[in-house]
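Presented below are the structures under discussion, each in the form of structure tokens.
The following pair of complexes shares a single chain, subunit A, combined with subunit B in the former and subunit C in the latter.
Entry: the complex of A and B
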């Protein structure tokens, strides 16, 4: 019991991490809260399904195409819409929220609500630890979440592009003065956010059926984790995911599954009311939030 | 310098005279100023009388449009104090559940339960929002986005207040015409009161919080306390809308917190022009009938809202009210740029 809770808590944390990485990346690097994250996530799921099931492409190639297409979509969203309202926080939120809702409800209207939409596991088989059985897909999720976090750290600290983006995130005007283009950086961050959402989608969606409401849930999860962890550090993000992941498993085990969804909403409310800077946030965030 | 043209805007004479020196010379000019307002007020007041022509269906649509207009007024009030709400459903739902509780459990008649629910709901909303009032920008918006969803989950999980089934069998209102009239009158009254309120000294403080809250703080006023009062005032029309709608349908349930009641006022406010009370009402009165006409398209409707939001946010961020106002009170002409160099 305890053991399986620990293991599935970890899996759940990794799932939350994968989901929120893209959102938090875009938010951290460009300062735009991309409320269309849920829409992009679900779009990636359906696209992978379409390429794999309908066109019959090999799964691996379908995944790669999906990631590239969603990255382009993210960049397009920035170039077409967000760039025109950049800097007006409310309008950014309204515009991206509207895009997200439009994508989700368009799929609902097109009839993507039946039970036939699911993606295959990447790896078959399962692993039994003492008394908990864990399939390879969930193991793979933990692995990919870990690798993506490492990749992100290396990317933002060791590559020229990453350092430029990091500079833009730390201080926009200073970054502009050394010749980093703000719009270029934001486009890049939107593309990366889209690609991460696609990776999350093809990793996580095989666990269940693709459902429209997942799109809304994904957005809430990403918001909760970002609020909880603060934006300054990847550490905060990981901590936020672990806390939320375990909290969900505990509540759904000891109370009722209904409470599982209330957990991240409660997390948003409590953290913003009690400690608006987030768990590990520093002064810069406090300044922005209060 | 490259030859070019620019658009020049000049106030019409009537605008300058009415604004600055207040010298209006004829009935025609008075009509020019009063016309649009009178048209809106009289049109709204007469609407319920044409029941036989429009039919009960469009009367109900008018009723819902007015309910959304009340929510939009509330949204605009919050916006004018610098608080952006993504969850008007929160106020709406709390008003709805209060009246449901009063009517069902305490047996109060709608005449008492609606006003009581309006005030109690507004107080509860203020108390719930008070701890997070210091947040700004999208973080406050996030809270308001999460609150209705959270309350919905709580009601679903605990089963209080009827749980997933809601409270049904509430007392009915006298008639549809009565409901339409009361909302129409209230929309007009609230618009008028809010407009007047923002012209007083008190309203000046509220507007100052929107423009620069640090300067208000420097002026020795408690921003937090003023914001709390603003939330209370803004919550009143929204909780009333919830309470009235509940008695109209005679049932209250989790849909009272649905995203639609957050999305529609938001869209109406953006379409009408954020921060303008009359614009918000106009937006609601346009949006709701249009969305009724599109009902046949199912959820494609929501996609259209989304597209409309994007179009207005990107293309016409000032909203149709300010746009119309500009066209009405100013004329535009193209002038060559060189003129300035003389």
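Entry: the complex of A and C
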């Protein structure tokens, strides 16, 4: 039982990490919370389905196109909408939230309510660890989540573009004074957020079927994890995912599965009450100390 | 400032979610204001008889149920309409989306939609009705207020019959054509009895969705298992939207469960089937998983359904030779809405929704009036051979379900077999083959 909990806790943590990396990344680099994340995630799922099942493209190609399209969509959302309300936090939230809801409800309106939308596993097969059998798709999810986290760190610490984005996130005015374009940085971060949402979608959605309500759940998960870990901290995000992932499996195994979803909400409320900056977040740290 | 606003928004969003999820939202009260104008109890020949369909139209059951109603209405109108007052009147269908299948939509939102369609469209009858049992029960007072005959075809709680029995005069307008939870328990118990006898199984694990009808059904099956010498290894409920079932599957595997009884009507329940295969759980899955019910599910799940036994709550979407009208219904549905729509037909609601229109037509014709009380009296006398078998209401207005379609309405179970065929296996009268163990349990 323990090894099963350890294995599926890790899978759960990886799923949470994949879902929330894009959201956290965009906020961390641009300071804008992209509440259309759930909509983009779902759109990526349906797009991959369309390219693979309807157009018959090889799955790998369908995935690549999906990632590129959602990255462009992310950039377009910034260029067309968010740029006009940039700096007014509430308007940013409302604008991105409206875009997300519009995407989700557009699919509902178009009749994407049946149970016929699904994506294939990328890898078939199973592995038995002690007494726990794990499929390759879930193993791949763990691997991809790990690789994305590493990529994110290397990108923001070892590349010129990443360092520029990081500089912008740390202090926008100083970054501007050394010639870094704020809008360019934000566009880039929205594009990356969109691409990450698509990668999460093509990795996670094959586990079940694609459904509109998933978009709303993804947004809630991304919010919970980001708030728990710290609004602009990648390390905090990873820690938050591991804590939430294992807490859910623990709750499900030793209490009852129907308490599992309450873990998100409880985590947000506790963290906001005790340490509003999140586990490893810097924001508000001074105020907290005071 | 910017981040403060964000934090305030997050907290508000979370509180709103908790508020709606926990049902703390205020209970809707039936309107105290009399409607400005009730639906006329007589119509001139040629004037339409209005049927309202207030339900979750964004759900597959809601969409297919409405289509089935439209199909029946089209047939009736083509044949001249409803005989009333010496002339013929057509049916007219109006609908409103209550969105009640979506997580987070409070009951009072669905009730507001119901009241709106009643007050604006002045329907003579309501068909399909509430999607969720919670909404159904709360709707009963509104229907009592407006005295409109109401034939539900989705929500399954037996509390409706209890309320009718307790206060017949108030709630007599409510009828139900679809299966209710106790009948589902009875079907599941009979199926489990058969499986236990055939394969010598006596250990089961129950996994249900955390909603009224599913938990009630799970509780009923658990009771049956215990009374009949089975060991219930576990009984878990999952919130709507849950996407990981590893804890239950691990316990089922370790506990040696031979049968897993899933009871879900949420799309994510498809994950349970795939995950059970991924974790190599050596148990027969037999119950209700809504995404696994349609004919096209085999391709959607890429063959992972092999051996799964799934219920179709009412015959109709599963054409059975013993019920000729069910075969005919499938053909007509495919012709009107396309083959793709037919193969994705939901396993719950389309059959009774289609029959409900014909049952209503006959009741109106016998009553010779559109008066709610007169229609109710005639609905109670219904004896109709339809898509779901023989339709007769119990004294508490629930259609009687049984094992013989000549005697009662019929629900049934099929088993998925390679290369993607739904083989009817229960009850005996419609069974085309015996239940077989899935390939992964044969070794």
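The definition used in the following text is that the second predicted complex is superposed on the first by the 279 of 290 C-alpha atoms of A that agree within 3 Å, B and C clash if a C-alpha of one lies under 4 Å from a C-alpha of the other, contacts with A are read in each partner's own complex, and residues count from 1 in each chain.
Everything that follows uses one rule, which is that a contact is a pair of C-beta atoms (placed from the backbone, for glycine too) under 8 Å apart; a residue touches a chain by one contact, two chains touch by 3 or more.
Here the structure is a predicted model, which means the values were calculated and not measured.
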Could you tell me if A:135 is touching subunit B, subunit C, both of them or neither one (first, second, both, neither)?
-> second
If you stack the two complexes on chain A, which partner ends up touching A:211: first (subunit B), second (subunit C), both, or neither?
-> second
Would you check which partner chain A:95 touches, where first means subunit B only, second means subunit C only, and both and neither mean what they say?
-> first
Using the superposition on chain A described above, determine whether A:268 touches subunit B (first), subunit C (second), both, or neither.
-> both
Touched partner set for A:258, first subunit B, second subunit C, both or neither = both
After superposition on the shared chain, which partner residues are touched by A:57: those of subunit B (first), subunit C (second), both, or neither?
-> neither
For A:106, is the partner it touches subunit B (first), subunit C (second), both, or none of the two (neither)?
-> first
Greater subunit A contact set [subunit C / subunit B] | C
Name the contact category of A:227: first (subunit B only), second (subunit C only), both, or neither.
-> both
Name the contact category of A:85: first (subunit B only), second (subunit C only), both, or neither.
-> first
Which subunit A residues contact subunit B in one complex and subunit C in the other?
-> 33, 89-90, 93, 108, 220, 223, 227, 256, 258, 261, 265, 268-269, 272, 276
In their complex, what parts of subunit C are in touch with subunit A?
-> 1-3, 5-7, 9-11, 13-14, 17-18, 21, 58-60, 63, 102-104, 210, 236-239, 241-248, 250-251, 254, 267-268, 270-271, 274-275, 278-280, 290-291, 294, 296-297, 300-302, 344
Which positions of subunit A touch subunit B when the two form their complex?
-> 33, 81, 84-85, 88-91, 93-95, 97-99, 101-102, 105-106, 108-109, 220, 223, 227, 255-256, 258-259, 261-262, 265-266, 268-269, 272-273, 276, 288-290
Quick one: which bits of subunit B touch subunit A in the complex? Just the residue numbers, please.
-> 84, 86, 131-132, 134-139, 141-143, 145-147, 149-150, 153-154, 156-157, 263, 266, 270, 274, 297-300, 302-303, 305-307, 309-310, 313-314, 317
As the complex stands, subunit A meets subunit C at residues 1, 4-5, 8, 11-12, 15, 31, 33, 87, 89-90, 93, 108, 111, 113-118, 120-121, 126, 128, 131-135, 137-138, 207-209, 211-214, 216-217, 220, 223, 227, 231, 248-249, 252-253, 256-258, 260-261, 265, 268-269, 272, 276, 283-284
